[in-house]
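Look for chain A in each of the two complexes below; its partner is chain B in the first and chain C in the second.
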Partner chain A sequence: MEIMRLVVTGPVGAGKSTFIRSVSEIEVVDTDRRATDEALLIKKRTTVAFDFGRLQFGPDMALHLYGTPGQSRFDFMWDILIQKAHAYILLVAAHRPHEFREARRIMMFMKQRSPVPMIIGLTHTDCPGAWDAANIALALGYPNPSRRPPVVTVNANETASVAQAVIALVQHTWSGSLAATS
Partner chain B sequence: MTVTGYLADFSLPELFQLLEQGNKTGLLTICTLADTKTAERYNHHIWFSQGQIVAAGNTLDQRGLMGLIARRGWMGDNAVSRLAQTCQINTPLGLCLKNQGVLTAEQLKLLFYTQVMRQVCALFALPDGWFQFDPKAPTPRAEMTGLIATATDVTLAGLRALKDWAALDEKLPAPTSALVSVIEGKPNLRLNPNEWQVWEFTNGTMAVADVAKQLNLPVAKVQQIAFRLIVTGLAEEMPLMAAPPPSSLALDDAPELEPSIASGKTAGAAPVSASFLQNLVGFLKSKV
Partner chain C sequence: MAISTEKLTHILQSFVTSTTDIQGAAVVTPDGLPLAASLPGGMDEERVSAMSAAMLSLGDRIGSELARGGIDRIYVEGDKGYGILTSCGEDAVFLVLADKAAKQGLLLLEIKRTLSDLKAVLM
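And now, the complex of A and B:
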């Protein structure tokens, strides 16, 4: 089984659980519900709740999505998830400037623990008071537009939008290999 | 697009940092929330040009600076008005008056201090307020002395003078977080001795609480200093790993667990194949 692991992180309420649920909804093959599920196992062995979603798109190919736990902060559980991730997306609710600093903290922690690529997903851009991408990037500490991770807009409630965000993350992470083979 | 919100959510130091780093030009308006006793609200205006503060005032009638000059007794209201009309359209009023020999450089400095430094620094004490930044507002020549202040300098001054930090509590770096420098070399800002001391620890390893112990300063004070270093673009808060896994959680004794994730120590994820990537993207595209 070939597995890609993506971590979905961000402040509480950003849309992590919804995002992951939206991908799990498009799970096509549910071949394997046995206890080999790594996420279930970790869950069983710890009391930490984290979101897990799976998208199986071939007999031996699956995408696993992990949401960073909301109630614990920056602990070993986060670290286990990050260390195993191929890439991650930081979700930020565009209409909640209150959370921008927390998003920045999370980003600093992630960067410190893992060098893998990341993108920023702006959720709640359809809500009143939403800031635009350029200003949120500034608030997250990226004054230079040419030197920041890709910023995409995503509505965690919409499967199509989440699929688009995952594509963006995959393409950003593997731009080399995807370009070479397609 | 405009930037709007409440200071309780996005604080004035953060806002100044954003406007400075974004090289913004326009008008920042802060509307205080209705006072429970008097039900009065006040507007404060701060004009930015390319990320720097060029003027401040309480009205948009373009008569604030003239009023300040008149109040100093340097010139009557009418006299200033008349002279102002002879100024070139693009010249700040203060500079124009200086060029005409009516005001000295010292007087301009004093005006700027009263208009910008004193008024704006006082705003850091606001517990809340609604703000809006309008990037389309015209440049207020009649309110400008011609002098400028960097948002960073104003923030430093405002936060150094701040007595009650309650409103900023959530914004301060956690005592368990470290600080990490985000600049090359040493800061160009004029830091005070305590700020320098804390600056020496911006290497991403020592928790703020330990820095406080080391420096023999209260933790809250170090948090406040750290916040100043953060919002002036010198450092960033770096959350440190919380406690190590409880020994009961021996993840690697789970044979059924996929080996790579079970051994929490080995870093990195196994590479995925090109066909995997193509299949995945193809599948996702069918969902879009």
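And now, the complex of A and C:
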């Protein structure tokens, strides 16, 4: 059985824990605590170590999903989790543009530590004030559409939608490894 | 009543200075924010707080999922010393950093005593 470790990262309230809960086949190992910081404006509880979920992907591959905390004071967890990751998805809430800078910071943190493939997942795209994919990509530092990681829209509450995002991430990882070997 | 940070800091400072082989202590929220601290120079309060919260939450999870029950404390034993995390009521986590030379029995007793002082302020 091959195991692929995927990391789900992004700013506070992007939907990382919800994402993992939506697709995991096992009961998710979560480490959420009552929020007392600015996260409280968005939600009641916040992840302080990591979330862990598992998903069987075909007969001989299992996906292990690790969700990071959102706040940068937990960046030691970002570091621990990304070191062993095969790929990661950066979740960004499309309707909170003031967080794009934080999303970009997280992405740079990951890129500095690991060269593994990544995709961008846009959540909350149905909320008022949501930016479109092209503009968010621009805000994240990808002005050129042909030279940016895949961008997918995902509803973290819907299993099918999250599954699509996971498939996109796995495919992107495979296509990258094929390109590297050919 | 508002929580008095000064009182908490005072308790921590007297704990650290009056107990031999204790190098630092901090009280943090369960989601990893500093409430009060008396730490060795060079240690960042915010980072220490986040690490304490992450560790205790994982320990809690191990306790429940691997059927060890409620967690009283978590020990990190290194070759230079100890890091001991104790839950301090629902709203706080108590971290103690001690030298390798510390006597464990004494350490636990002092932690217990300080915990009740801290809890009285946090109530």
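Convention: the second predicted complex is superposed on the first by the 137 of 182 C-alpha atoms of A that agree within 3 Å, B and C clash if a C-alpha of one lies under 4 Å from a C-alpha of the other, contacts with A are read in each partner's own complex, and residues count from 1 in each chain.
Note that a contact is a pair of C-beta atoms (placed from the backbone, for glycine too) under 8 Å apart; a residue touches a chain by one contact, two chains touch by 3 or more.
What you see is a predicted model, and the numbers here were worked out from it, not measured in a lab.
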Touching partner for A:K84 - first (chain B), second (chain C), both, neither: first
Partner chain in contact with A:A163 - chain B first, chain C second, else both or neither: first
Partner with the higher number of touched chain A residues, chain C or chain B: B
First (chain B), second (chain C), both or neither touched by A:V151: neither
First, second, both or neither for A:R73, with chain B first and chain C second: both
First, second, both or neither for A:I120, with chain B first and chain C second: neither
Doubly contacted chain A residues - partners chain C and chain B: 35-36, 46, 73-74, 76
Chain A partner contacts - residues on chain C that touch it in the complex: 29-33, 46-47, 49-51, 53-55, 57-58, 60-61, 65
Chain B residues within the chain A interface of the complex: 1, 3-5, 8-10, 14, 18, 21-22, 170-171, 177, 180, 182, 204, 236-245, 249, 251, 254, 256-258, 260-261, 264, 266-270, 272-281, 283-285, 287-288
Footprint of chain C on chain A - complex, ascending: 29-37, 39, 46, 48-49, 69, 71, 73-74, 76-77
Contact footprint of chain B on chain A as seen in their complex: 2-5, 26, 28, 35-36, 38, 41-42, 45-46, 55, 57-58, 61, 63, 72-76, 79-80, 83-86, 96-98, 100-101, 104-106, 108-109, 112-114, 116, 129, 131-132, 134-135, 138-139, 141, 143, 159-160, 163-164, 166-167, 170-171, 174, 177-178, 180-182
